[in-house]
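Structures follow.
Both of the next two complexes hold chain A, though its partner changes from chain B to chain C.
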Partner chain A sequence: MTFELTPLEQDALTEIFNLGIGRAASALNKMVEDEVILRVPEVVIIPHHRATEYIQNHVDDKITAIRQRVEGDFSGNAILLFPKSNSLQLVRTLLKDQVPLDSLTELEQEALLEVGNVMLNACFGTVTNLLQLNITISLPELEQGKVNDIVKLGSKDAWALMLQVHFSLPNKDIEGFVSFIADVISMQHLKSSLVRFVNQIGS
Partner chain B sequence: MKIQFDFRQVADSLDAGVVILDSGFRVIYFNNWMYARSGMAPERVLNLGLLDIFPDLKDSRLWDCCKDAIELRLPTRLSNSFNPTPFPLYDPKQVGNELYRLQQMVLVKPQDVAGEMFCEIIVNDVTPIVIKENWLKRIAGEQRQEALLREQEQSQLSRIIDHTADAILVFQQSGQIDVVNQAAEKMFGYNKAEIKSMGLELLLSGGDEPQRTFLYDRLNLLISQAVSLRRPLPTQAVTATMVRKNGEPLPAEIKFSSSDSDGRMSIITIIRDRSAEVESERILRESENRFKTLAKVAPVGIFRTDAEGILQYANEMWFQITGRSLNDLHSESWLSVVKEEQREEVEADWGARRALAPSFVREFVIRRKNPERSETWVLCHLMPEYGLHQSLTGYVGTLTDISEQRRNQDEIERLAYYDSLTGLANRRFFKDRLERSIRECQRGNKAFALFALDLDEFKRVNDSLGHDAGDRLLVEVARRLQNCLREVDTIARIGGDEFSVILPGFGEPENIVRAAARIIQALHEPVNVGQEWVTVSTSIGITLYPADAENVDGLIKNADLALYSAKDNGRNGYAFFDPRMNVHAEMNLVLENRIRRGIANDEFLVYLQPQVRSSDCMPVRAEALVRWRDPARGILLPAEFIQMAEKVRLIKQLGEVVLEKACSAMQHLLQAQVVANDFRVAINISASQFLDPAFPFRIWSLLNRYKLPPQCIELEVTEGVFISDLNLARRVMSCVKGFGVAISLDDFGTGYSSLSYLSYLPVDTLKIDRSFISALSEQGDGQDIVLAIIDVAQRLRCEVVAEGVETEAQFQFLRQAGCDLIQGYWIAKPMDVEAFEQFIRDRTPTLLANASGMRVDSSRHPIDHLK
Partner chain C sequence: MPGMDGIELSDALVATGKVRNMALLTANVQDAVRERALKRGLTFLNKPITEEPICGFLKTIL
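After this line comes the complex of A and B, so read on.
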């Protein structure tokens, strides 16, 4: 089973996520004073087990994740992941908070949740709208732990849609990942919707 | 219905706000929590648009999220950090008071109820959490700041210890070395571990055994004392010779002190490397020896004092210059050699400058115990000497005898500022003084007077009696000026016979007049100039600062203008500057320059106009008339420049030229035998020329120089001569007539003076003014006046000359009336000497050649006639 995309489909998918990320950036810029620039260099669809490796290649073991569950035409988990230190940096940079506590406070966690919420909403709200997928999304939840624990999903057949996200803040750049882990059926749904979308553009 | 009821009951019991919007963003539900905290009544909420109820939400993220929920079915968590207080909600007891606005965390959820979208908003009050976290953060911040400071302090301390120049060793109670700093490693050449293992005893092995034992014992004593007393000991220092790893001895100063740190006593040993100090002490000793040798052979006086200035040492030369004895050392201040009158000033100067500059330089006179023939001036240099740590140990100074230099300098100064002949200030000094007077008067709002004066007859004395006599006269003038002026007045000789005087603080204006009068009188007394006695007069121009001018040039110019004016008004007087003088001066300046140039370039010449005897028309006389051959305008008649020459006071000079040229022409005519000895040339003499007391002398020398028989010369003067000074005029006339020279009175009948002077003055000839002659063409009065004049002349036994005769009728009338001589165009126009020569030759083919002439009597001096 493979979800190989044609170059045109690949371009379309990257473009759709870029639109979503653009929305996220404008929402973030409304929240904070400094200008935040978001970039998505690539979007890949890979088997679930490879997704864990993919993330581990980029991130050390401990991560902070914001998860929202998706149900409907397209079911699975949308997760935004940061290395733990990055999540601290991101929140405190956005909040301009100089206080050097070792872990996120309750309110900081909330703030991080909102950032993740903005990102994930923007990505999936845009994607599902453009691809005319009917979905329901839950409120975000915060998780901390090892990559394996967070990115796990029961089914062995699960696939993951991965995007790397660059947060460019005035004084630092922070790397994060958006991962969407879904079963085969959901992925097929996504793929066929994408094909339809590309064809509509073509016609 | 039942479900809905249940929902409301649940919602109202929640400790959170619940708001439900329909798809048109109208509020369809507001729970009690919300009513209580917003202070709203249901009628102001229900079925109203969210933005109508809360207009401030319009640009908020909350509003965006509501739209996302309805339109995109997206749920959102709004954190407190990014959206602190989206709804205007307050503590229920303080609704509306912004101080009690609730900190919120908001959830926005889409709700699909049978295909219709609703938006559910849950509001949580997180105010307590915000307060708690802020407090936590503050505490954490403070702790971190403290930790940071402690860390900095610590690292700074250890840096200081490492980087201090002294070696630091810390001993524990056991005698074990605990701490070794970097400087210790550098100083001894051993590393820390080596030093720790060696201990103090081995490091001390550079010195002798007793020293080592002593110090080691001392350390042990200190340690045991510190331990037993349990309190720090006072710091004590000892010097010792230690040893470096390379075997070199290390002169050092060791200080032990104890410190109680956390109940543990430790001995801190600070070791200072004294090698540089030992070296500098050696150098100091050597330089001290060199200094003493140098001082012995130096050609200047050298002395040293202690910090208070008391003499400690002096070389041979110092004793010679000051004339002091060894007894003065160690008791007297170096200032005691300064002359009493100067000492206070020198001391004050030293005191003032000591603080500002290291070296003190000053010239002064040496105090001599026995008063001497001449003062000893010295140049003194004084410098402080410093010991260790820049502490002042005393002063070292030199005295150079500069008496000789001083005398030379005084002489040079005198030459530069004083006139060598009279000893008065010279022009340069005078200008300095004038400038200084102006500055002083500006400050003090005071006035001063400036006199410009010159001697009216100086040139005469110089020319006739020689420069020695002239110099004697000037010296005497200077002396008299000094006698009749005050100390404060500046008298200067500007050059030649020009003097200037600055009179400051003159008080009443009459005082100036009095001073001027005093000068005039004093200078008018006869002066002995060697063989002769001469009398000179002086004219003074006076100007006042600041009334007349406020700068040097202006004042000098004014004084000069006033001086000219004084001369114009007749000599031996003074004149105050009048602003009108300036205008005249400028107008005449151009013309004056031109006439002056004309005189210098010899542009003036003499024309001769014949006078013939009325009886036989023989030319027996001629009048010399001046002409100006201006290179630009050709020959000019006197009418075009004489008046101007008078105005700018050049008439006298011009008259001299004419006199000289006429004499020269006469000489030529005689030598060429054109005329005989009884031919006479009439020369016009201006009043100023004639009334110059030197005038007869001038005539005398001209007669001699041109070898002219005196009867060949006739001096034509006008009535003006008598009007200004009748007595002087008569004296001059008597004098020149005594030479044999004739006098004629020009323009007779036009003046307003009485006829009486005619009997009183020795006039030879009267000239009827041309206006009477030109009036002759008409019948009547004209003839009568001319007849009357001729009658008067004949009665006074004067000859009569008619000038301006242009017609034969005039000539005939005059001849018949008995007029002796006729001059005018009818006879001949004025002509140059060459043409005149021809004219005479034509008229007198048989010339009288027996011209032996009268000789001038040179035994009689012209000045004698003046007295």
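After this line comes the complex of A and C, so read on.
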């Protein structure tokens, strides 16, 4: 099953995720009290099994990922990804370097889960508000390892709508990605909401 | 939280008759969640949280 968007719908979806990631960046900015730079999101529709390859082209092989499952009017996996070395740097920034090193492992995990939870909810909550959709977002799970092990492959025949945006904290030398790998089978609601959204802008 | 969301917990606490004033502190910014919270009389606070909204909430109940 393929899923197609017109160029206008694809632009609208990119802009909607741009607003969502803007809200997520604002949340991160409050947490780290530092500037967060965003790139324009990329939206691609690719076979599900190529999603891993696509992510691998953008990040190191070893990553820290915070993943939340999205269910409802559309479904998929929302993932916040950092190169593994960056995640510790982010935690130290969040905790303002006041935590003894031997306490860091447990706190690191809790802090990273919370960063993921806040950023992914900010992003996807904004997207669903704009598109007048409803979703539930599962509790965050933290995983560290290779991209291949973390981004589980879907069926060979399935297609994924994949959104990816790069963000960075230049003063802290930290960068990461928010990725969303949507189940295309669930995309009809999203497509019809996009059509409505585009028509509202045009009217 | 596992097993129950914040709104469900607030319903359970209200049912005990012992808790009156509650705020929902959540990362979830969806309008539908905000409406559910406000409908129950909960103060809706979003993460990340700072002292100011917490103080604002406490002032309303003290």
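Of note:
To be clear about the criterion, the second predicted complex is superposed on the first by the 161 of 203 C-alpha atoms of A that agree within 3 Å, B and C clash if a C-alpha of one lies under 4 Å from a C-alpha of the other, contacts with A are read in each partner's own complex, and residues count from 1 in each chain.
Assume a contact is a pair of C-beta atoms (placed from the backbone, for glycine too) under 8 Å apart; a residue touches a chain by one contact, two chains touch by 3 or more.
Note that this is a predicted model, so its numbers are computed, not measured.
Taken together in the superposed arrangement on chain A, chain B and chain C clash.
Ranking chain B and chain C by residues of chain A touched puts B first. In the overlay built on the shared chain, the residue A:Glu110 is in contact with chain B alone; chain C does not reach it. Contacts of A:Asn148 after superposition on the shared chain: neither chain B nor chain C is touched.
Touch criterion met: A:Asn129 reaches chain B and chain C at once.
Of the two partner chains placed by the overlay, chain B and chain C both lie in contact with A:Lys30. In the superposition on chain A, no contact is made by A:Ser85 with either chain B or chain C.
In the superposition on chain A, A:Leu139 makes contact with both chain B and chain C. Of the two partner chains, chain B is the only one that A:Leu95 touches; chain C does not reach it. In the superposed model, A:Asn121 makes contact with both chain B and chain C. In this superposition on chain A, the options for chain B are 8-16, 98-106 or 116-124, and chain C clashes with just 116-124. Shared contact residues on chain A (touching chain B in one structure, chain C in the other): 27, 30-31, 114, 117-118, 121, 125, 129, 135, 137, 139. Across the complex, chain B is touched by residues 27, 30-32, 68, 91, 94-95, 97-101, 105-108, 110-114, 117-118, 121, 124-125, 129, 135-140 of chain A.
Residues 1-2, 26-33, 47-48, 50 of chain C are the ones that touch chain A when the two sit in their complex.
On the chain A side of its complex with chain C, the touching residues are 23, 27, 30-31, 114, 117-118, 120-122, 125-126, 128-129, 134-135, 137, 139. By the touch criterion stated above, chain B contacts chain A in their complex at residues 61, 64, 68, 72-83, 105, 107, 109, 112, 126, 129-130, 133, 136-137, 140-141, 144.
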